[in-house]
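Think of it as A, B, C, D and E in the order they're written, each chain with its own count starting at 1.
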């Protein structure tokens, strides 16, 4: 079976700075992988490359079967990215935002509604403009947008940051469900204990490359569930 | 594509309905420009009579600038561009949606300004038959070119300054053609007027075409 | 509460205003003579000048309200400033319209680029800007303070408008009435003065009503506060979670 | 206060040295306005000669708008306003610093434009003795009023549109007075020119004074 | 001794919404206190009120001896706030930013330099414009600005978020040092384990109020060090 993410010697430049300096990474479908490593290592850059938002200037890069070096657009609508920025319209309400972005992704209103309910946004917050939300509520809204998209690959940049205890449990549940449904999940996170508990495998990024062996990997790698498509 | 355009235009018009920026801020601004320029050009020398159509279109032009700035500052916020890229929306549809939203606001504005001009400058709107299509064609051209440069500058940190710089020269032909068409309309030289109108239509068509083709690239790179 | 914003005082004021309006119409249209130069058009004077002068007064009330608000944070003055600017805008609009109609008759055009007319138009736009700030969607106090600063600037703009005829050579009439020895006919002068009084009454009447409406709007907002506080606190009771428990 | 002003102005001028926005974008924009409006007002009718001072100051006015937008978009970013409030900087000092930074950029621009006007419109800059102080006084006034409204609008979501609406009417007196002073200067009617210059000085002083008083409130609330 | 923070029945409105609906909170000088609670509970609002950035509309509020209801400006220069936003100029470099804000706070160049070194920003990153930094590097720069201010009260909104393992240890160290030097520290955080390890006391915020008893407080409250000023 073809891997969901396949990077080999991938280089990516921000201006003239090589944010990725030859990354090798292989992720199987429905696998949940954690990227960890110091600040500025290139985790966000890897996720953005996989989403087709940044160019891979040399090396091999294939995501969901699409060759990113040749064509990085067609992969975009198939991934869900939770980035550092919210990607929401501050002046529109939570419900307007989730509905708009769900429709923009080709999902329907029912998906939007379900996502809002799942993330606890269907109550009072529904009609609050996003610009007024607290940091965690805003993050939940971005998550709802992502969930409503029905993507095949989730790219989560520090998914736990800003979420309260319930939110953390919620997102862990979402990730578990997604993986069980065959969605591949790539997580960048500094919350090691929390993240390691839910991933199949941890990969260490440093200096724009992936380290061969992850040093903190003191648990045996979890087997990828065999029954996923 | 048209479904996407409707989605985007609907979103923008809902934003306008909520924030009333075009109505409460851009429209008074347009009136202001009309008044200010007329005064700066020293009325008692009889300049104004000749300059009325020019001033009208300068006011429209500067308002277009504001409308475009507003329309794309919304899209520039906190990762929205990435969201747009990641969405399944057709870039051509996004472009058309923005053109429609900006165009509708401009049309309302022009109607107001036209009343202003007739009253303030004592202009006599002869050939309505010419004025209305001129406004329509010019508006489409302005909104299309504006959306093109709006998305180009939206992602840049210097958007406040680069947009006017890029947009004004591009819109200059519209300014000139629309002014001439109006002069012809006011003076009842219809034949000449239709020629200028033709130019406006060509311009509008060209920018719509260009936009459909390159909006993709602009959304991508800016 | 009575369910309206009127009281005995305002009803008297309103009656006076209406009676005054009737009297003004009578004097302006019937009793006062034609002008030698201007003919019937001069009757525009009795609307044009009073609305202008009362509008200017209204703007100075706004300036005063802004100053006191910035200084004492007095809600009363904040609302006064707001209401006064709104009514001033309407009155100045009446000045503009009556002036334009008059201009059409006596100058042959609705508008000309004269300093008085231009500064009047600028003043009008500036008031629209002030009212736009008043409508910004943000916290009430913050908006009030921003508006107060903008409101201060109504002062100089109004002064420039008033002195425009003195500072520039203008087509528009210079100060004729405010001079000590007015050169106009007695009954015309009386009618004009009556106009001033009537529009001043109208201003006062509208101001009081507008003030009360705004005041009540604020109170309604504040009334909600206790309920909002209770509701907010109750979020803590149901576990403090965002997700309603199933 | 002056130490704080120097700190702010230094920071802004360093930003300008790095990004070259005033030089690469605002200055060409001003020239563009000059050329474009000359076009719109139809050169062959001899309007231009009379309108030169007006056009010069309209170009300066619109450039002021851009310079102010740029200068305060920097302060509007991601929590910078909070940082300013939390700092030990005197609001009056911040105000003066912004005025200096914007003023310096405007002066350079006016020098460029003056050359532009002389060349493009074949204007004859007689009474230099009048023109230079006029530029200085007008610039201080523009920068002061601009900074005042700049900070007011910087914190608002609708800053692109509300700033021009509020700023232009306030700057109109400067436009008028400076235009008249320039006309007097070009025509060698010095006496009248000095009177207009006086008005400009009063305006500048008034706005500096007002700014020192209310900048605090504006920084606080907007 | 007067408490560093004293709130009693404090109410604070965002628009018409009572983000704080009567908060009671008392923090002793040099104490390190954790605010925890669900998203939207009002933690950020408490911190911003203490910093003098938001108005307390009713109730008592005294911070560092200043009555915030009457005067919320004079307290500002005495606190250090690490908020959700960075408060930096994106177009200036790290060094320019830290120096500018340090001088704006009345500190000198040496403070700025020391802070940058402490936070690992004195190397390559020194001359990178802040807009180019990774999320964690940006956060470190905000922290450097805060450290360079020499404040008497630190208000840290999710201080660990975005920082790597080193950064986390670093900030824990900074907080410990600050408290030992007499600085009061108020932390809002969702990373319970990490945060509870460094605070003297945990307070639970919910629905704009402080809950009387913190439910997760299963450790005995640490004694405030007696030797602080």
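The rule we apply is simple: contacts are C-beta pairs under 8 Å (C-beta built on N, C-alpha and C of every residue); 3 or more make two chains touch, one makes a residue touch a chain.
Since this is a predicted model, take the numbers as computed values, not measurements.
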Of the other chains, whose C-alpha centre is the longest way from the centre of subunit D? A
Counting C-beta pairs in contact, does D-E beat B-E or the other way around? D-E
So the centre of each chain is just the mean of its C-alpha atoms; given that, what is the distance between subunit B and subunit C in Å? 33
Here the gap between subunit C and subunit E, centre to centre from mean Cα coordinates and rounded to Å, is 48
Per the C-alpha centroid definition, the whole-Å distance linking subunit B and subunit D comes out as 26
Hey, what residues on subunit E touch two or more of the other chains? 14-15, 17, 37-41, 84, 90-91
Check each residue of subunit C and list the ones that touch at least two other chains. 122, 125, 128-129, 132, 138, 141, 241-242
Where subunit D touches two or more other chains at once, by residue number: 19, 157-158, 162, 165, 169, 172
For a test of understanding, state which residues of subunit A touch subunit B in their complex under the given definition. 51-53, 76-77, 79, 81, 83-92, 96, 100-101, 103-106, 145
Subunit C contact footprint on subunit E (complex, rising order): 11, 13-19, 21-22, 37-41, 55, 206-209, 211
For a test of understanding, state which residues of subunit D touch subunit A in their complex under the given definition. 157
In the complex of these two chains, what residues of subunit C are touching subunit B? 100, 109-115, 118, 121-122, 125, 128-129, 131-132, 135, 137
Note: in the complex, subunit D contacts subunit B through residues 19, 21, 25-26, 28-29, 32-33, 36-37, 39-42, 45, 47, 50-51, 54-55, 57-58, 62, 66, 69-70, 73, 157-158, 160-162, 164-165, 168-169, 172, 175-176, 179, 183
